[in-house]
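One chain, subunit A, appears in both complexes that follow, with subunit B as partner in the first and subunit C in the second.
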Partner chain A sequence: MTPRAERIRGWGFAAPALLWTVAFFVVPFLVMGAMSLATLEGRTLVWGLSLANYVELTEKAYLARAIMVSLEITVTVTVVSVVLAYPLAWIIAFRVPARWQRLALLLAILPFWTSYVVRSYAWLLVLAREGMINNTLIGLGLISEPITLANTRFATVTGFVHFFVMLLTLTIYANLIQLSPNYRRAAMDLGANAFQTFRHVILPLTLPGIVTGAFLTFVLCIGDYVTPQILGGNTELTVPQVIMVQLGRRADFPLASALAIVLMGIVTLAYIASARWLRLDRL
Partner chain B sequence: MILRMLPWAYLLAAFVFIYLPVGTLVLFSFQEGSLPVPPFNGPSLRWYGDILGDDDLTGALLNSLLVAFGAASVSVVLGFLAAYGLARHVLPGSAVMRGLLIAPLTVSYLIVGLGLLIVITRAGLGLSLVTAAIGHVVINLPIAFAIIYASMGAQQQNAERAARDLGASEAQVIRLVTVPMLMPAIAAAFFLSVTLSWDEFIIAFLLTRFDVTLPVEIWSMLRSGLSPRLNAIGSLVFLVSVSVVLILELLVFRRRR
Partner chain C sequence: MTRLPALLLSTTALSIGVAGAASAQELNALVWCDHTDPALIEPFEQEFGVTVNLREYEGTGAALALLEQSRPGDWDVLVIDGIDVFRAVEAGILAPLDPAELPTDDFFPEVVMAESNTLDGVTYAVTEKFGYNTISYNSEAVDPADMESLATVWSEKYDGRISIYDYYLPVMGIAAMAEGIATAEIGMDDLAPIGEVLSTMRSRAASVAGVVAAQTALATGEVDIVVGGGEWLTAVLAGEQPELTWTIPEEGAVRWAQSIGVVAGTEQPDLALEFVKYIVSPEGQARLATSSCFWGMPANAKAGDVLSDEEKELLRWDSQADYLARTQLYPAPDTDLDIEMQDLWLDTLQQ
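Up next is the complex of A and B:
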């Protein structure tokens, strides 16, 4: 084949997928961007190039508050998940005998495949007033009255952390297992103690795995509507919850679009901040 | 001594944390009474009988499977063709095209759904299971493409060249050489796509109207609070997802090593 015919044929194969992505992802995204610059007058939509929706985000306290709440929850979840998942991945990689490792890892991430609506509901069963934890604590005589666990930020964070610990255990394990044991041996031979070996050798080498997992956690967490809606109740709203309120009750598509654009802006900033260590292609 | 036990204690605590919600969910799906909270009285299959006799739920279950298999089929076919085109042909701008195909992965499902919802309602089209499936292809196509593209190596390319030298047409090469050699990756992409799509909520919620998928039906049941029916249906959904993952683990990933 001539290079030209070869190229045309290659494009022919790629074309259906590219067209699909452009038609159902790129175009909707651009329309959403244009929508964020439109305004509602009464119930009719007026297209234009107005920044009114973005100005509203800074002026209305509940909108600015939602952005803060989302950021606080997401940062807390990301940090707590990494801190809990790292030792777990470490133990599976270096303490569990090799022949049991794959099984241990499979078991550690199996509930990852629970539907996310069902997973949040299951946490509600555990955290409810008359649920598992309160019942056990009262049974043990540790408390006399049920404590409020569900419908709080604590519940939202717990539900998220549960999910992301599994995800991060997987990414960090994949990183740890690739390390040659020689690094540890060399550090030990040179007189480093266990902590120094970890701090100066293992941690820097596993940073890409940590950052990649943390970035995924950040992106998935800040965009999730289900977990805060089921577990957090309506005590405080996150950005996705506010977006859904705009869509439902008020049909305010322009404001919802502006909020979505802000959400994407935050994710882009997180990407720029972590790009140095990100290895998305290695997933 | 205590220091040596510490890792195992941590492992145990982690597993309790990881399995606490699912364990509670499944245990109280066998509850005899009408509240899925302690004390446990059972076991009883009462609520399983109840949900299997519920036409709304079984209908939604069928819709979910329909959407999942439809979306997965389209994702895998489009993803395979794109991977073949980009891995086997030297194209200018192929890095840009790969980037474009992967791009939907970096955007949250809510935003993908919102964009499609705006376009569909602006265009005056109705919402249905088809629109939900279109949304699911948008999020599954990048994954299918990435999995299949990553497994297209030099080994298959040599076999393809040999087949071409022996006079096979491009269609024959794809059908008789490329697809069979890439079957593990294609199957992995298909089943991963099915599991992601069949319990996806937010896109299905935004893009369906009268016929809904199972997660959307479960969502509307949630409004009436804790119920052993939800436990039963949730346990079944978990069972299906876990079965698919285990089959995948046994059939595809085992064989590859």
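Up next is the complex of A and C:
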């Protein structure tokens, strides 16, 4: 086959994926970018090259606050999820006998099988004033009055962490089982204790799995509407919630698009920050 | 041996063909969740031999955007907030209706709302259901006497025991009424005092919740009061939890109303009109009033002949004259005021 024929064949194989990406990502993204530069005059959409929507983000305190709230929640969820998922993945990879590992992973991802919305409402009931946690704490005599757990940032973070620990466990586990036990043996032979082995050998080698899972957690969390809407009780608003308000009654697609572009900008920055360790091909 | 599968196959194909032919005509309606109750829709489907495809939406803006992006004929019927009918008419989305076909003479006079459903003398929609955004509460957890004045509803006594309904127009209407401002007369200058009331309300609230979340919060004891609630919130819970009730305080409350119309460009205007007529008929009205999603008063007073005494009691049928006199339609701001009101609402939520 001539080089030219090979090139044509290569493009032929790539064409469906390229067309898909252009049709369902590039074109919608360009339309959204153009929409963010349009304005809503009265109820009429006026196309143009105005930065008014982006200026509005700096002028209206609730918009800037929504960006901060989204960032704070997302960073908290990502860190807590990594801290919880790493030991879980470690236990499954190194402490659970090989023949039980598949079952352990299955149990770890079992909550994925239920509806995301139903799971969020279930958490609302668990965290309620008359819910399981408050009743247990009162029953044990640890508190005398119910404490407020539902409709708070704590509730939102809890709902998110429950979901993302599963995701991170999978990415970190995938990384851990690829490590040869010889690395640990070599470190021990050279005089490293267990902590030093983890700190200087295991952790750096498993960083791609951690960062890949953390990046996915960041992306999915910052763009999520359902969990903060159900569990947060609107006591503070994230960017997706504010986008929904803009669309709901006024159909302010230009401002909603500007907010969505800002979200994409934040995700891009997160990608740049983590690109060095990202190994999406390992998923 | 080979004839049985062939027979089954041909029978199945025949059944599918018959079913396909029987449900070939479809009516597409963009609605609120109360229209998705099979008890409401199935009698119409059976009578006319059609399938009604229902799609729920949230927010007039989202519905209008969807309709504007659809091809003529994609949609046949639209259910819309009464105060937003004019927006749909301005956008060319609603088709004229023949008022002679509509039983508005049987309606509660206050909810005919010709000023909302008619533009330049042409009728585009008809009111189908109404109710109140007022105060829902747990009568075993709060002092019912406190619920008779807005000043005591969001007082310090109920700090952390309140949820606010997550829609700025009715809640800001209630805040306006607490300040003695008529909902129809809210202007830019009124936003400062309304904002102060909202801030107080917000500082006492445990959550700002949509329909399901507010019902869940009240039913589970997460909160004891829902500002902006009403019969639509508590009636479906009354069977199991009769202590969940509602009242209209002395300052009054806000009245909501939803309308139904035929979408311009429908390819089956006669069927769409029949659907509208069914919905505003006494039978349709009774079913819509007691929909499994949320209850509300039927616009057609003759639905009272179809509803049971128990249902009418839950809807407070006999108190409607008093309630209609003491309530005001919720604010219908122009575009500029709407933007300011929404900004004030979001600012308050983010405090």
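Points to keep in mind about this one:
Methods note: the second predicted complex is superposed on the first by the 258 of 283 C-alpha atoms of A that agree within 3 Å, B and C clash if a C-alpha of one lies under 4 Å from a C-alpha of the other, contacts with A are read in each partner's own complex, and residues count from 1 in each chain.
Just so it is clear, a contact is a pair of C-beta atoms (placed from the backbone, for glycine too) under 8 Å apart; a residue touches a chain by one contact, two chains touch by 3 or more.
Bear in mind the structure is a predicted one, so any value in this text is a computation, not a measurement.
Ranked by how many residues of subunit A each touches, subunit B and subunit C are led by B. Shared-chain residue A:17: touches subunit B; no touch with subunit C. Contacts of A:214 after superposition on the shared chain: neither subunit B nor subunit C is touched. Of the two partner chains, neither subunit B nor subunit C is touched by A:77. When the two complexes are overlaid on their common chain A, residue A:37 makes contact with neither subunit B nor subunit C. When both complexes are overlaid on chain A, the residue A:266 reaches neither subunit B nor subunit C. Contact with subunit C, but none with subunit B, is seen for A:151 once the two complexes are overlaid on the shared chain. Within the superposed three-chain model, A:174 lies out of touch with both subunit B and subunit C [touch as defined at top].
Judged by the touch definition given at the top, the superposed model places A:57 against neither subunit B nor subunit C. Of the two partner chains placed by the overlay, only subunit B lies in contact with A:91; subunit C stays clear of it.
Annotation: subunit A residues 121, 124-125, 128, 130-131, 230, 247, 253 touch subunit B in one complex and subunit C in the other.
By the touch criterion stated above, subunit A contacts subunit B in their complex at residues 3, 6-7, 9-18, 20-22, 24-29, 31-32, 35, 84, 87-88, 91-92, 95-96, 104, 106-108, 110-111, 113-119, 121-126, 128, 130-132, 135-136, 162, 165-166, 219-220, 222-226, 230, 240, 243, 247, 253, 256-257, 260, 263-264, 267, 271. Subunit A contributes residues 42-43, 60-62, 65-66, 69, 121, 124-125, 128-131, 148, 150-151, 229-230, 233-237, 242, 245, 247-253 to its touches with subunit C in the complex. Touching subunit A in their complex are the following residues of subunit C: 58-62, 64-65, 87, 90-91, 160, 163, 166, 169, 206-210, 212-213, 216-217, 220-222, 335, 338-339, 342-343, 346-347, 349-350. The residues of subunit B lying in touch with subunit A in their complex are 7-8, 10-11, 14-15, 17-22, 24-25, 28, 35-39, 78-79, 81-82, 84-86, 88-92, 97, 100-101, 103-104, 106-112, 114-119, 122, 134-135, 137-138, 141, 145, 170, 195, 199, 201-202, 206, 215, 218-219, 222, 226, 230-231, 234, 237-238, 241-242, 245, 249.
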